[in-house]
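Taking it in order: structure first as structure tokens, then the write-up.
For reference, chains read A, B and C in written order, and residue numbers begin at 1 within each chain.
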Amino acid sequence: MDLAGVLLTVAIASFFAGAPLSLIRRDLGYLTTFGAALLFGAVAVDALLFGPVRGAAWGGPLGDVETLSLDALSAFFALATSVVWAATSVYSVWYDDRPSPVLAVTYALTLGAIALLVTASSEVLFLIGWETMTLASYGMILEARGRTDRVYSAAFVFLAFGEASTLLVLLAFAGLFVGTGSLAFGPTLSGTVLPSLVFVAGLLGFGLKMGTAPFHMSEWLPIAHSSAPSNASAVLSSTLTLAGAYGLFRLVSLLPGPPDWWGALTLAIGAISVLLGALFAAVSEHSKGLPAYSTIENNGLILVALGVSLLAGANHLTLLAVFALFAAFYQALAHALAKTVLFLSAGYVEHLTRTFDLSSVEGRATGPDRAALVGTLAASLSLAAGPPLAGFVSEWMVLEALFQSYRFGETWAQFVGLLTGAAVALGAGLITVAMVKFVGFAYLWKPRCARAPSERGSLGPVVGAVAFAVLTVGITAPWILVLLAPSVSVVMGSSVAAPIGGLLSVPNGWSILSGAPFGILSPPMVPIAIAAGVLVAVGYDRLGRHRAVRRVPVWMAGSAPAREGETYTSFGYSTGIRLMMSSALRTREVRANAGAITTVGFEAVEPYSVELEVFDVFKLFYDGLLVVGEGVSRVLKERVMPGQLGRYLAYVLVAVLVVVVYIASVST
Amino acid sequence: MTSRPWSESLRGPAGALGTEHAPAYLPIDRAFALVNDYGTGRALLWRGPAPAEANEVATLWRRAAEAPRPHRVAPEEVVEGYGVFTFPYGPISMGVPESGRFDVRTYGERILTLGPVAGFKSRRILGALPGLTPEDALLRVERLAGNFSAAHAAAFLAAVESAAAIEVARTELWTRALAQELERIYNHLHQIARVAEAASQNVGLAQTHALAEEMLRIEGRTFGHRWLFGALAPGAPTRRLDPEGRRWLGRALRELSGRFEVLLELFLGSRTFVDRLQTTGVVSRERAVRWGAVGPVLRATGVAWDDRLRAPSVPYTDLFLELPREDGGDALARILVRAHEVRSSALLLEQLLDRWPGDAMAREAPAPPVGPGRGLGRVESPSGDLVYEVRLTNGRIASVGMRSASHANWPVFAESLRHAVFTDFHFAWESFGLVFAETDA
Amino acid sequence: MSSWVGQAIRRGRLTTRYPAEPATELELPMLARAPRPPAVVPDRLGAIAACPVAALSAAGGSGIRADEGRCIRCARCAAHGFDFSGSAECSRPDRAGLLVPPVPSGPGARAVPLRQLGRSVHVFLVDAGSCNACNHEVLALTNPYYDAQRLGIFFTNSPRHADVLLVVGVPTAEMTEPVRRAFEALPSPKAVVAVGVCPIGGGVFQSTPGLAGSLEELVPVDAFVPGCPPAPVSVLDAILGLLGRSRARTEG
């Protein structure tokens, strides 16, 4: 074990040590996780640059060796998560004012668990981390303010979906073990049927954690993530879903060359996730529900990119497969960073205004905190794929990959690529609406009441720092892609140095090529061009005749400046989408009488209240599932487990007999 | 004509007229008359014979003129809900070239309730009329709502003549009808052009707008004024219609209505135009009758009410009038009624010019006064029923009350837009042809 | 051709030659012109008394001075020999310029306030309390007969995009604030045109209780267009005058 290995072991131990330290003093726990995150990130950079790092090792259950290790693939995810955690840990010191240390303890445990599963060298260790992560996150969600029914049900839903995910992952790993005979991540599975089963189980299991279709919508991720305390929301939405993505990529790296329907399935799930995630984000009124839906959209994009990569692999289009994988990685990185800012910012807004309701925030967070404003603006611009930020580059790459679906051999595959492209483009438009709504109504709205004072100082530096990372990742994309090449190589199962060195993907800095005869983008040139434009404009203004700036009130068609209740609500802002997309959202208006009927002249006037409701079609699926589940439970309870001792003794007897017969048959 | 000035004849013993002349048409050969009592924010409906104090229509109208300003002109409906807010539209917006505000309750995109707010341009004209001679008052009444000036002038003059019980020259009455029909054609064309603009039918807009301009030029050439100000003032120098002028007028009108027929056919052949108007801003017949809607709005719901037929005065008593009627109650029905009224007005004008009374000396008795020195005048303005009530004392105005088509149509207008989308607004607004200037008199 | 295009072609060009050529009789009917007194007014006091809006006053000698900013074209002075022979180019940059014959006045107003805008100007219409006739006349500028767009005049839906405020109607008490707000919302350089006698001096409503004052008392006015209502060509000329492209100026 070299120095890096020691440091890696120390980092992971420190994450877990944060939990007992939190009991002494909360700030101590958060500072420990902060330090651990920095260390973790440093080791990850080391692993990316200089090859795999191996930490502590011990004997596994089946005689193999369990190791804490970072190869290039896990190092990428370790790096992304550590940046997020550094920010959320500092933020937590500012944010967590709860009397009990439970949040701090579960927070540290969650971080440790994710770090553990990312560094796990075997399926067992991975599952330990996975399960610890789920349980610790459950504890975090329960710590949400108020402990309302919503919180309890959100935590329960989270746990239920988390365990379903674990079950599917377990299934996938069991398949891996059966096929390879090893619990370690290493040997590649071979065969035809088994890999497909493993892939589908893994796609659904990890996809479940990522909140992608068909396991998403109001059913779990947005509710769970938005109900949690804000620091927990950031950890859940940015890094817990990242853990899901890591699992998926790890699994793909262990599978043989894919048949084409894997890619198509992934594309389909991704496309639906992108579309519906964006749609629900655009109509969400919850300042944390909106970013949570956007998480689904982003994870959908990761799946889309992965799907293109798999399809391209099946069609022996290695260059496109590599490029699409790069897009997936970049999308994961961009999303993790930007989404962190958004959740931290939503927590800041909540702290200032005591509400998650965007319609009643009404710009009360607007104020002198420029860093928070600019940071949130940058992050939401990135999520809306605005140049020159990270999200812009990743979305460009995803779309470029999709555009090249004409290269697929089969017509139906081309068609799937085409449809997915349309869904992604529509999703990008809708997510822009959502992001404009978030920043506009939380930060940019002209406040009509006094800005709520912050009792705990500014959040600007933290938000600003992560947002700066978003900008940097956007501008320096070509060099970062070069850095990511080993990670992509792990998934591809072969070195991607050749395509990088060649004309494809990334030539030596400055620009990204998306295919031999295809698109090109130079991320560093975008900010240079923007800056040049700004310079020209400012210079023109300075050099030309200087005009005095005159500020006048907003033009309100001649009316006096708007009063309370006379301006657009965030709900009103997105009602257009509610009505336009009513077939997908099942929009309906619910009216109720409110108050007494009065008579105006001869005309009776009934005051009424009106709600415009949207409905998640996936809820029908889960409602059905619930009915079936309840029915099965009832049958089990009444027929199988009626509470009679004799019956249970008989069950035990039968079980013993079965085991005896099995052992006898095996030993002979 | 007699050498006696018109106003001189007003100075007769107006008070000498008894009440034996039953009020001709207030209590009411119509089944209803609606007065919005804006002063108290209430809407009142009278049915059947008017109660005693209902004779004092002008009291209510005067109170309307003194109403707190700006004020709602339709009953207020209360709607609450998540994300519901009030969107104030106006008073200055190019979508509605007049000044008035609309308080839109909405959760975005859809109008839940619409509260029209009038009174921004309250010039308090009617309140300033007492003490003036009818001629001077006429200058102000004409300029009360410029695009309906002939209708207002005619109704006002009829009320004055009724109050003073003075006979009027036959040519004078025919001239008034002529001016009103010209004005009606202009306004309907203008309204159709505006609807075409709202529907982005740009060629249709330009063509119809051109026809409206031609109408103004015809009016200008005939009466010396594009808006007919001064056209109906007895004794005004511009109002002589010589045979040559009548011939020119007839020719110009024939040409114009021929062009309009072509445009109408093109409009009705344009699916996008018709589709956009259909089921937009619907007023049911039941609601229209209940609220006392008038004019094309009422006729578009299938009720064939028109003052020119139901309360006719000379010369409408002698003319054939084809009364268009539609059943849809939507913007399309209102626009169709207007379009067909262009046709029927052209027919009326043809009859007027054809049978122009040569004998200027023949005189007609006015409608009988409704009380001592008190008279009513009622005409069908382009937007509907317009009533003036005038009291005279010693030949000078004692008080003037007015109930315009706009007054009557505000409530149904507000109702027709309930649950419509924002973009329906202009179709409803232009097809109703409401005028803030009338309400803000 | 029974299509819109065919109809448009069949109707041909309708647009006026104004301002290249003078306004025609149809564009400028009798009462759209200002009345001019005869060389000798037989009954001077009678004529002055006949005017219902006190637009006539005694000038030096036996002359008579007409205030076009008050004249509502009621034509009562026609009985005293006045004839309606005013021109379409009736707008003036200052209130005193509307007096005929003029009185010696102080320094003149800005001659061409929007010359720097060159060939394009955006116009916003504000109704301060009009009877709707002036509104229609201003809107008529967009019809094919006047086609103000050909001269670079465009109507906007917001004062924030406009260079010129066209104000019609008597400023009522309720509209004073909205008119001021609209003026404030206009970016500089900007100009205000008082269209019709109502915003200039109240016209026939100068004594009604609803009148809050003249437009000049609210915002600085750059062009006064008399008339009740002024003909569209007069409004067109006034807007062009702000740019230094008035017909009177190009001819002179």
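The rule we apply is simple: a contact is a pair of C-beta atoms (placed from the backbone, for glycine too) under 8 Å apart; a residue touches a chain by one contact, two chains touch by 3 or more.
Computed from a predicted model, the values in this text were never measured in an experiment.
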So how do the chains connect up here, line, ring, star, complete, or something else (other)?
-> complete
Looking at every pair of chains, which has the largest contact count?
-> B-C
CA centroids of chain B and chain C: separation to the nearest Å works out as 27
Using mean CA coordinates as chain centres, what's the chain A-chain C distance in Å?
-> 64
Of all residues in chain B, the ones touching two or more other chains = 91-93, 99
Can you list the chain A residues in contact with two or more other chains?
-> 558-559
Quick one: which residues in chain C touch 2 or more of the other chains?
-> 126, 158-159, 178, 182
Could you please specify the touching residues of chain C with respect to chain A in the complex?
-> 126, 158-160, 177-179, 181-182, 184-185, 187-188
Residues of chain B touching chain A in their complex?
-> 37, 41-45, 75-93, 99, 101, 106-110, 112, 421
Complex contacts: residues of chain B adjacent to chain C | 69-70, 91-95, 97-99, 119-125, 127-128, 136, 139-140, 143-149, 190, 201, 203-204, 206-207, 209-210, 212-213, 216-217, 220-221, 224-227, 229-230, 233, 236-238, 259, 262-263, 265-266, 269-270, 435-437, 440
Chain A - residues contacting chain C, complex = 547, 550, 552-553, 555, 558-560
Touching chain B in the complex, chain C uses residues 2-5, 7-8, 11, 14, 25-27, 29-32, 52, 72-75, 78-79, 84, 124-140, 142-146, 155-159, 169-170, 172-175, 178, 182, 203-205, 207-211, 228-229, 231
